[in-house]
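Structure record follows, encoded as structure tokens.
So that you can tell them apart, the chains are marked A, B, C and D in the order they are listed, and the count of residues begins at 1 in each.
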Amino acid sequence: MSTTRSPVKLEMVDAPNQPPASPELAELYRGLEAESLVPLWTEIGDLMPGAPDSSAVAHLWRWKHLLALAEQTGDLVPVGRGGERRVLALANPGLGGRPFATPTLWAAIQYLKPFEDAPVHRHTQHAFRFVVEGEGVWTVVNGDPVAMRRGDFLPQAGWNWHGHHNVSSEPMAWIDGLDIPFARYVESTFFEFGPDEIAERESPDRSRSERLWAHPGLRPLTHLGPAPATPLLAYRWEATDRALREQLALEAEGYTATVEPGHAAIRYTNPTDGGDVMRTLRAEFHRLAGDTRTATRREVGSSVFQVFEGTGTVSVGDQRWEVERGDLFVVPSWQPFSAETADGLDLFRFSDAPIIERLGMDRVETEGTTT
Amino acid sequence: MSTTRSPVKLEMVDAPNQPPASPELAELYRGLEAESLVPLWTEIGDLMPGAPDSSAVAHLWRWKHLLALAEQTGDLVPVGRGGERRVLALANPGLGGRPFATPTLWAAIQYLKPFEDAPVHRHTQHAFRFVVEGEGVWTVVNGDPVAMRRGDFLPQAGWNWHGHHNVSSEPMAWIDGLDIPFARYVESTFFEFGPDEIAERESPDRSRSERLWAHPGLRPLTHLGPAPATPLLAYRWEATDRALREQLALEAEGYTATVEPGHAAIRYTNPTDGGDVMRTLRAEFHRLAGDTRTATRREVGSSVFQVFEGTGTVSVGDQRWEVERGDLFVVPSWQPFSAETADGLDLFRFSDAPIIERLGMDRVETEGTTT
Amino acid sequence: MSTTRSPVKLEMVDAPNQPPASPELAELYRGLEAESLVPLWTEIGDLMPGAPDSSAVAHLWRWKHLLALAEQTGDLVPVGRGGERRVLALANPGLGGRPFATPTLWAAIQYLKPFEDAPVHRHTQHAFRFVVEGEGVWTVVNGDPVAMRRGDFLPQAGWNWHGHHNVSSEPMAWIDGLDIPFARYVESTFFEFGPDEIAERESPDRSRSERLWAHPGLRPLTHLGPAPATPLLAYRWEATDRALREQLALEAEGYTATVEPGHAAIRYTNPTDGGDVMRTLRAEFHRLAGDTRTATRREVGSSVFQVFEGTGTVSVGDQRWEVERGDLFVVPSWQPFSAETADGLDLFRFSDAPIIERLGMDRVETEGTTT
Amino acid sequence: MSTTRSPVKLEMVDAPNQPPASPELAELYRGLEAESLVPLWTEIGDLMPGAPDSSAVAHLWRWKHLLALAEQTGDLVPVGRGGERRVLALANPGLGGRPFATPTLWAAIQYLKPFEDAPVHRHTQHAFRFVVEGEGVWTVVNGDPVAMRRGDFLPQAGWNWHGHHNVSSEPMAWIDGLDIPFARYVESTFFEFGPDEIAERESPDRSRSERLWAHPGLRPLTHLGPAPATPLLAYRWEATDRALREQLALEAEGYTATVEPGHAAIRYTNPTDGGDVMRTLRAEFHRLAGDTRTATRREVGSSVFQVFEGTGTVSVGDQRWEVERGDLFVVPSWQPFSAETADGLDLFRFSDAPIIERLGMDRVETEGTTT
């Protein structure tokens, strides 16, 4: 038997549905502790609530504060083999100081100074970059250099080699989203170091992946097999912006094209199957036209939003914030979310919805309508 | 902004790959704490290990101890509305005293005294029962009474109403397996109380679900649509035993029918799609013939085993135990497992493999061969 | 250009929607003939009817006549390499004398005299055997001898080696169903001769495939990969009969278990995915209790039925027949079908529904309700 | 029993594997004829060849002849309700004068004079248009006007309302591809007339479907459900041409991007699942750079090609043709195909491959390598 000492500690409680305290019960609890056993009756309220009662809390991080701190790290923290990345992760105050934006999601600001490299490695965790401002960095994925520019969404599925290099004389910051907390929780993570140097130092306008894949509905005959993650490494702002403008224009012409009045939205998808870009991460972009208010909605699963442009008011649970460019906030599982704006609001969103949906745990409630 | 105080606490550390301590770094860390941010460089070793380094530990629970404690609870703990079940959960010593056999799996012994009822409820968590000895209890699932007898595997997918009643003058104990830790982690859980009384008090030999579904390869025309969980509520011992005997007999006749020499095994599957019985739980039964040793194998994802019959030696990580009927043990993610037996060993196993596989995180290594 | 002469022959027709006859039109038609072109306007009524207008006709074949003729062939026609099988195929009178029960389906009686062999071959066409009476023949599929007995359904997916041998002193007849017409139409057929002798001459009660697979919901761990066709080579009468009896019993107890009152039915399915046994063929067994009449129903796609037991009246299109054991009839695409019986009627059915459904062409109408 | 007279006619033949002629055999054959039965032994060579032996033949249609005949029909044949379309279909000389390019595929030239309409209807057959030259026609699909221009591929899945109108002062011709022969064969066809007038007479540069869907990897949140056919109604030449140019450029830079040296190719796909645009039809575009020769390849299933640009030599079975812009040719099932070009050759191709693959009948052989 394991020599590990049992950390179980049980106490008799005078409460409804609890067995009456007695010397015999105390002795039983000592026996359970010794055998590493825990009764259901002391735990059921926590384990089996009537509806999800998230430990993560609704929280907002101001971009200006993040960016200022990231700039400070530039002076104090080297980037290189071992530390690997100069990254500050959102730590949800409900999650005990761990660097987890939500129980499943990692969200962080990454910062690279002029002409710096972040060294090559690979890991099974899925990742993406999203750029709220700036440019000058190329992320090199399996040898394919991918430019990063404002508005671009840059997915990077697990186990691909990648490093970043800044070819410009300006620093650059962006956000990273990963499934680190989830992968750690299910204990599935593998990691390997790559070469210390990034070999491919070109800075082409378009990556090879885009040249092969960024043609709507056209699939190269060399790549007909299944691809569990998207082979397209950059979803450019120009396309996203155009798609959203067209939805609002179609709405104005009288056609169904928006999620609700004034609310355009696209999901980034894997062109090989039309599903999410990665098996654990969903990414979307939402545009609210001026004078728009979304329906209040709650969902099983958690999300992180970043304001890309505009201003507005967002409500999450019992929190309510005025937001502006770059601000990040989380929507924990089953907490109601809504947003409104006078002048227009562009929101990037990512979530753990593919986990929830693939395992059949999805539930959505929109202003009282449960599905 | 949330008024929650940040629980982040950062300390400067004199270690490789850590930035040098300085008053500026200290000030930066105070700033990060104030903004609920955590650097990657202090966490990367924990978050991104080279291979899964499970927090759960290999551990064994002896059936005779479990059963003795369960019998004690029979005298001290009532079963009824509120507490819902008389259940003792395995608490992995590596998981801080929480009632989690592994990070994702719940495993427990449930105990019902003569003529007792466990009241009707439903929850989104998936569950099953497995009976290592005894009989006399019927679990009533959506009004369909299902007998529970030694060797039976009784799946019960989420959100189905269920209660149990003991129709005999003997107590009965069995094990429950659920995805409670996982569902709690992803914050997806819903729960509802049913009627206080179990209405259907019949004790038929076979449930209606078996009468409709337990015919190999034959599907009722009334049930052609997709079923995310198995509609078959009982997988009877007679069938399991026969399937295993046939595999060993075929092996003896010279045909490929066993996983490896002397090792027969079946997976319990959903007859509507041939996949796992539930979206988060896999269940299997393994039979080792006398004088058999399995190959050492490790997998991403965690498992719980119960010895059904026989004796043998099992190795998990650096643990090694002699086991006998009813003993339960866990195999944490990526820890090597093997078993050997002189006289034969029957093992029931359940795991979180459907979660791991549906999300593309599966990796298996068998005596040096990684796939 | 091909030197093949054009078989196109066009005539000017004085009819609505046809261009007026003229010397110029005549000259145009000669030009089209020369270039192997055909106008849509002369063909549209045939090619694009408002609803399917089957060329196959409703037709009945009497078992007693089939069997008598099959017995005659036993005396006159050897079975051996080259001819391969002693088989008489149903030739739908609407299909020009070709051996096609419907445009897609082959249905035939096969006859094997005492101690005869039908030699080993394989073909890409999918096949099954169904036994309305008799026994004594084993079909050997990839070396696995499979007994054939009354009521058994014996699927045999394409490209498996197979031969038959009669180990008894009685002749035996059964029906074969295949997708020969479909495979020929899409020009996908491959065929190979096997050894002249059947090597495996055992006559076990159960095949190895049954020993591995005929356990409800239990899947051997050696066979977890996808299987496009069922690995179970025999669906025994005892199981089919029991499943149908249970459905009627459950109906009598007040539960939903039958397709409609008095009408029990099962579909034979692939245990690895819950779908049809083969990619082009569906097989079902329907039991009508006494004093039952089915709703009239029509479907896109064609079927062949064989009466297994009992008597009744079946209606197909404008045909109406009294039927009895062994009688075979076809239901062409979109022709209404119903059946009624005073004393009970057991019907085996096979169809091309998997083709229709996989290609999204399915449509069903039940007594006026279209889906 | 059906009153239809049997069309079966059997003759005794003095040949290997045929039963010896005798009065008894003659009498048996008369009996089989009377009962509408056909022996396998007289048919097996035709029904079960060693490999597909297509009845369709390799054949070429010259665009200049097609176009000249289409222009003649413009003067002689009205287009309107009843005839529905002014269309000339390729009639494969091996298929008895029927308007079938191959057993499964319809290919035709359609011709619309200045300011003409082709009236609105819908049918379950899947269709597309491909434009080798010209412009000025809009096809209106469920009220969405879609411009047709050189190089565009315009899919139109079954059961959508559609009509065409020519808004220009020039006639326009294009090719239509459909699954008419297949749908007729399986007897699945439904057809309905729409309004006599096309209501939507706008001529926008881009259809609403493109405005919603032609953004690579971006899916509108309003359309997340499964779509069995592509919702994108136009695949524009500019995108196709760019994708092919990029493949050849990547090849020149040393990356794998082409099917074989000098041979770029894309498949038109459904952005909702990455599969074929329609359930029965595949469409691709192939570009051969100058001085390129493809490997010889044969496949189960049939194809139609149209030369879009350039010149070259194509070989199909034992045919060999010099081809130029607009020429159409068929590749029957399992006939070897290759192409070569000195100056470059652009080929549009469509086929029945989705039928073949969905039913598991696909087989490919490339210069001796079978897969």
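Everything below uses one rule, namely that a contact is a pair of C-beta atoms (placed from the backbone, for glycine too) under 8 Å apart; a residue touches a chain by one contact, two chains touch by 3 or more.
Keep in mind that this is a model prediction, so the values were computed, not measured.
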item: Distance-maximising chain from chain C - centres being C-alpha averages; value: A
item: Geometric centre distance via CA averages, chain C-chain B, whole Å; value: 44
item: Cα-centroid distance, chain B relative to chain D, in whole angstrom; value: 52
item: Distance between chain centroids, defined by C-alpha means - chain A, chain B (Å); value: 29
item: Multi-partner residues of chain B (each touching 2 or more other chains); value: none
item: All chain pairs that touch each other; value: A-B, A-D, B-C, C-D
item: Chain D to chain A touching residues, read off their complex; value: 208, 211-222, 224, 230, 232, 235, 239-240, 242-243, 246-247, 249-250, 255-259, 265-274, 277, 284
item: Chain B residues within the chain A interface of the complex; value: 1-2, 4-9, 16-19, 22, 24-25, 28, 31-32, 35-41, 43-44, 46-62, 65-66, 69, 72-73, 75-78, 81-99, 103-104, 108, 123-125, 158, 180, 183-192, 228, 279-280, 300-302, 319, 321, 332-334, 352, 354-356, 358-361, 363
